[in-house]
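We just call them A, B, C, D and E in the order they show up, numbering each chain from 1.
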Amino acid sequence: MVNNPKGEAVDALRTVTRDIDTNSTKISARGVQVHYGDTHAIKDVDVDIKERSVTAFIGPSGCGKSTFLRCINRMNDTIDICRVTGDIRIDGDDIYDRSIDPVQLRARVGMVFQKPNPFPKSIYDNVAYGPKIHGLARSRAEMDEIVERSLRRGAIWDEVKDRLHAPGTGLSGGQQQRLCIARAVATDPEVLLMDEPCSALDPIATAQIEELIDTLREKYTVVIVTHSMQQAARVSQKTAFFHLGNLVEYGDTDDIFTNPKDRRTESYISGRIG
Amino acid sequence: MTDIPSGSGAVARTTMDKVHGSLARRHRKQLILQIFGITAISLAFLMLFILLASLITTGHKAFTQTEITLEVFIDPEEISVERLPRGNFTNVLAAAVAADLPSVDQQDRAEMRVVGGILSNGAQFQLRDRVVEEPELIGQTITISVPVSDPYDQLHKDLLDRETPENLRRLDDTQIAYYDRLVENGAIAASLNTGLLTNADSRFPELAGLKGAIMGSFWALLTCFLISFPLGIGAAIYLEEFAPKNKLSDFIEVNINNLAAVPSVVFGLLALSVFIGLFGLPRSAPFVGGLTLALMTMPTIIIATRAALKAVPPSIREAALGLGASKQQVVFGHVVPLAMPGILTGTIIGLAQALGETAPLLLIGMNAFITSAPATPFDSATALPTQIFIWADSPERGFVSRTSAAILVLLTFLIMMNAIAIYLRSKFERKW
Amino acid sequence: QSRDAIRIVGSSTVFPYTQAVAEQFANITGAPSPIVESTGTGGGMQIFCGGVGEQHPDITGASRAMKASEYELCQENGVTDITEALIGFDGLSLAISRANDVEWSLSLAEIYLALGAQVPVNGEWVDNPYTRWSEINPDLPDTDILAYGPPPTSGTRDAFVELAMHAGCEALDYVANGDFDGDWVEDNCSRMRTDGPFVEAGENDNLIVQRIVADPNAMGIFGYSFLYENMDTLKGVQIDGVDPSIDTIADNSYPISRPLYFYVKNAHRGVIPNLDAFIEEYMSDGALASGGYLSERGLVPLAEERMQMLQDNVLNGQSMDAPAG
Amino acid sequence: MTTLAFAILLVASLAAYALNRRAATTIRDGGARLHSVSNYHGLFALLLMLVPVLVVILIWLVLQGPVVNAMVMWALPAGTLDGLDTGQADLILAEIQSISGGRIFGDPEPWKLAAAAHLTELRELAALGLVLLTALLCLAIMYVARRKVAAGFRARQGVERIISGLMIFCSVAAIFTTVGIVASLAFETYKFLRLVPLTEFLFGLNWEPQIPIRADQIAAAGAFGWLPVIAGTIVITFVAIFIAVPIGLLSAIYLFEFAPKRIRSVAKPLLEILAGVPTVVYGFFAILVVAPAIRSLGASMGIPVAPNTALAAGGVMGIMLVPFISSFADDALSAVPRSMRDGALALGATRAETVLNVLFPAAIPGIVGGVLLAVSRAIGETMIVVMAAGLMANLTLNPLESVTTVTVQIVTLLIGDTSFDNPKTLAAFALGMMLFIVTLIINIFALRIVRKYREAYD
Amino acid sequence: MVNNPKGEAVDALRTVTRDIDTNSTKISARGVQVHYGDTHAIKDVDVDIKERSVTAFIGPSGCGKSTFLRCINRMNDTIDICRVTGDIRIDGDDIYDRSIDPVQLRARVGMVFQKPNPFPKSIYDNVAYGPKIHGLARSRAEMDEIVERSLRRGAIWDEVKDRLHAPGTGLSGGQQQRLCIARAVATDPEVLLMDEPCSALDPIATAQIEELIDTLREKYTVVIVTHSMQQAARVSQKTAFFHLGNLVEYGDTDDIFTNPKDRRTESYISGRIG
């Protein structure tokens, strides 16, 4: 039983029952290293992420959570000074292989960013963009349906259904974040990476997104970065704890929170290192 | 991809199948875009290359100058201390050439004139200046290198075809024989044409240089820069950051954009009537040229600066304002430095345009023939583009290559300006 | 800041000669180099007649005599005392590339028929229908008519119209036999055609040279000095059987040659430094006489005694009379 | 002496800066809370001195010559100027100035020598006066500025007011250029329209402005319908834009998104060289290389091509305009926040799709700015068309024919013979005015479009 | 006793003892209305904020919290379409008075923005900028000291002390947020406005910032916008609940959370309206 400094019982927060699908490994990373110029941001990380489960990345700010997440769909390719080495496989295929097409990879591995980044287009077009480029809708009606379904899943349909053609950038912070989630699920990716998806959301919206994650788990593999240990405890089956670029501990969420093996994990959960 | 037995996997698979099905087509589209891009840029470079290649093929010959080295006896009978700087330097030089040509009868005046014609008209003045400087040389024999005249220079550079019928050539067979003889003696050789940069303009291609035009362009561009840069940036910053946004400022914006479309001659016209007519400033002066060019450059600088200022994210301004920085501290401390790369691009494009501008300078008389370089911005001068314009219109063959050479010199200055811009730009460039 | 350099404007045809004198003068005397602008004859007159004073030029060059209207303009602006100097002659050459292997010889009438705006066809005065030389004269080659020439602002154009077009027009049977007066000729024979075969090519003669070198079927109209410098690539078109050359121009057997002048503002003499010395150099034998450095540049010099008279008149600053007309 | 005045000003203002800054620092060190940081106290003194004294010096320098001259002429012995008009009086003054400058030739009358001596004396006096005035003003301002230093003194506001004033001055200068151009064009256009009816000018289909200017000039009858001229401008501009926009945009997209960094860093400045090549050079290039090539190509295909074609002039102009568009487009694309790119890429968009669907629309305002500048340049470009387009006004839209443009006509009408009471010369101004109006309309239109499509992000 | 949807006891989270300084009113707003063009974002808000206390603004996303916060230091002046009416006084001075210099006002009233916005300068320069323009340091050493102290208070000193001259924009999301907090406190403002200062922070960093807020309270007045009701409960003495532009309820934090008077407040706290 671990307590954070303000004394609330972490244990008490976990109410979701966990039924971990341990059927197979979706993503496996071996010896991953990331450098930004001279900064060594990720140090020799090995991890296996199970299919159809929710994995949470936690750790103090600046420890490399976002960086590692961006390795999984090769978004780091777009940063000039970023160098990734090691081996990351999805379904056994090395995604850094020359034969792998990052475009196809990213269609399979969706992502929600830490800062909401809606396109300066209408709400409808924001969501329809992914399905359109991949040719997922055969007709306008089909597209309408995809957009509505995605916005509903993003828990934002009711708020925007009357102004689907207003610009997405005119929404409030929290709405933008939910729009980006809707956009990401619209292409039905096998893997969904979410970088702090609830940071600008109020408790009600947060609950709705957590519900979404829980449904997604039935079909997809979800990786989520979060600062809220309560949230990690609520939604994830596996938790990875990063610290200073190292993957310190990885295991069942229950175990990590109740019975951390590493001293640093324990300190972090109990609020002693930052 | 591994087999996923469950029904949920089926959805994912069809999605991925659809993605996969369209992928080849999408990549082909990307490839086509890339090919278009490469084609476009290659086309642009091809044009640049053709332009430069044609300039270099004709222009490179002007970077050497054929010279003749002579042993000159400074005959006191022709040149005396009392009459300096006057004196019969031509005869003295002709005699020196004839000394190398045994077949020439030194008493035959017509023949001696032909022999003297091998030398450039400037040779006599070079010798004169030397003698005036050291009068004790009179009566002695000195070695001197002087340029040959244009037809011989052409001959030496293989621009004059010996195969053309004699009556159509600028040099007849005797003259070519003289030349061959002098080459055999080792008197004639080509050397680097420093005169191209150190001489002012001349009627004689072999003497003509760009010093006057370069100085003229320098003064004009300096004036243009000193006026248009602060005025343009000041106006742009004020209009973009401080002026109230209303119909009036819209109107001003449209007007400034419109100024960029005003033909450059009209600026020349304005300069003619205002600067020369009203203010009584001198004709042909680089200062007036610079003022005129400044009027033209200003809109370009204003437009570029405003675009660059607009691109600075508002969050930066908010951050500084939130700390209690004044509007001016925000603008000059944060926004302008961040906009600097864009501002510099615009300024360089504007100044480059000004450097190559011809039409307005024609109207204010900067296309004059002046054989001395300006010492101040108020002296009469030409500018590089107008010099090119004049040389291009000169009948002498020697000016053909010199025109190209002058263009190359102009382009060199341009490239230097661009290089400075790139350096400054990379220095100021920041990412956010 | 007072002006210490002489300022000269005017004709682009006279420009090279003035240039040569200016450079020689500056070299010999060490005086500040005169500033010579090429503005075209008409433009030069405009500036020259702008007034007296140091902001106005001292000399203008002209490839035709000053016209009455220009003289009046000068008078109006207080430029009352002007000296006219005739420095020599220039032939107006029609030239074609040596790559064209026809020996061209045209009469003035043929030139008019090729380039005039309106010509007589079957006794009717109509818009010029000819597009090929062979249509004018079956002996001429069967090629398109195409001539590059100077624009209306230049003295060269004025001279060409007056010397070639008018003369050619008057030589036509229709005009010669018709009962037309000088005004009719003035009105009807002065216009160059504007439907394509005649191309106004701007003030830059060298550009015309380069263009006709590039296009062997095109003719160019420009001053003789440009033909003289480009003899290896260009050949002159014989006019009425006469080849343009220094000799034929000097003895007036070549029909389209014109006098070149410069005009001096006498009020500036003795005020603008070195102006007198410069005129002296211009008038010197070394410059003007045959074998002088101007004739080496293609100027066709005056006859001996005419030149002497000229030198006297100009050096004494004899005031010109109002031109007739 | 003038240099000395500037030097005094420079030194004094630096001294004032140091003095005030020191004083302010002393106050602060004494424990008082300054309203403005001490640097602003220094800057305030610096600007307070620099700006007005500089203006005074410049005004003095501008006025000195005329005033001294007037004094010399006024002091000439009575009667010397009787009966002379201004031009001749000018010449006498010029001679006196020459003498005073040491260029004596001939033997001038003694009164001229005396006047020259007087002139020299006055000039020396004036120079001395300038130096003294500068020094006095500097001292006075230094004193005033120093007195102002106090804890509560709003030095920053003072400095900012001065800088604001300077910036407003800059804007006014820019606006005055427009006003000057419009005014000069409008006045002559008005005179033109009194000679040629507006309807003929606007709707006439013939442009033959070469009417006689001198009483005895040989020239055509005139016709002043501007439609063929503007049609020519439109054809050439269209050709130029048709070439420049695709090449410019595609190269910008390629350089921005696909080109390796090294190529990009070399190619961008190289492209900018194209913008700086003097237009005269492009003119030569157009008539000596491009036009004959088009003509022989046309001949080989049996298409009649004029020697001066809109295609040659417009095509070469298009090449010149490529960097305008590519530079602006590149800057605009770079200004789109990187998160936008990340968003599209993460959805599985190819890089081409990212650029075309997301970045490009977001960059539209900047790109339109560049295209607009290019259109403006094309319309206003002079030397290329003067050399490579024709002079004859044909009402045609065929780019293989010879056309003339507004700028060509303006140049030809203004170079050479001019007469400001003749429609031939005045027509140039009317054309300039029309051009101004046409581009104004284009610009207003473009501003609307940019406003409408401007995307807000960040 | 109010529960959030996942059932954790809000009450249990409040462990900080509250000793509200009710000595005097620092900021008083009367009849404040804000319009963005046609949008009526703040509707007739009256509020008195006490000196040397922490006031929390809570409410669903888009309700006008940020807008009202930005009124207090006149940051809304920078938005063209924004119109503020009503009366806001700090220490009794009307801050919208013509005689008030907004620059001086903002030096007194510091602000941390919702999205981290470091200058594209070095970390050192980011922090030193405020003190420099206000002339707070007499020497380089003094400036170094201010920078170090501020970074320590922003709980980021240890992470950046080795790279003070690296650009502030190269930091991770949470680091940027803390840098902005450090930058705001470096000028020692009397009032500090913080718009969701902990949204991207892990629990430890959050705790450190909350501690900072607690210390600041001893000397300064702090207004904080937060989506975390736990955080509001932990750090604030007064809480204001906004809803659709209205200030629905304002009072002691204890009262608001335990005994809300308005139905909407109660619904929000119990997670029924979002």
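Rule of thumb we're sticking to: a contact is a pair of C-beta atoms (placed from the backbone, for glycine too) under 8 Å apart; a residue touches a chain by one contact, two chains touch by 3 or more.
Quick caveat, the model's predicted, so the values are computed rather than measured.
Chains touching both subunit A and subunit C: B, D. Superposition angle, subunit A onto subunit E, using Cα atoms only: 175 degrees, a multiple of 5 between 0 and 180. The chain pair sharing the most C-beta contacts is B-D.
Central chain by Cα centroid: D, whose mean Cα position is closest to the mean of all protein Cα atoms.
Subunit A and subunit E have centres, each the mean of its CA atoms, that are 29 Å apart.
Distance between chain centres (mean CA atoms), subunit C to subunit E: 85 Å. One finds 55 Å separating the Cα centroids of subunit A and subunit D. In whole angstrom, the spacing between the mean C-alpha positions of subunit A and subunit B is 58.
In subunit D, the residues touching two or more other chains are 284, 337-338, 348, 350, 353, 386, 415.
Subunit A has residues 103-104, 107-108, 115, 133-134, 187 in contact with two or more other chains.
Along subunit C, residues 1, 3, 55, 203-204, 207 each make contact with two or more other chains. Shown are all chain pairs that touch, namely A-B, A-D, A-E, B-C, B-D, B-E, C-D, D-E.
By the touch criterion stated above, subunit E contacts subunit A in their complex at residues 4-9, 12-13, 15, 59-62, 114-115, 155, 159, 170-175, 178, 196, 199-208, 227-230, 234, 271-274.
Residues 1-2, 8-9, 11-12, 15-16, 18-23, 26-27 of subunit B touch subunit A in their complex. Residues 65, 85-88, 90-95, 97-98, 101, 103, 105-106, 208, 210, 213-220, 284, 287-288, 292, 295, 306-308, 386-387, 390-392, 402, 412, 415-419 of subunit D are the ones that touch subunit C when the two sit in their complex. Residues 101, 133-135, 138 of subunit E are the ones touching subunit D in the complex.
The touching residues of subunit A, counted against subunit B in their complex, run 24, 52, 91-93, 101, 103-104, 107-108, 133-136, 187-190, 218-220.
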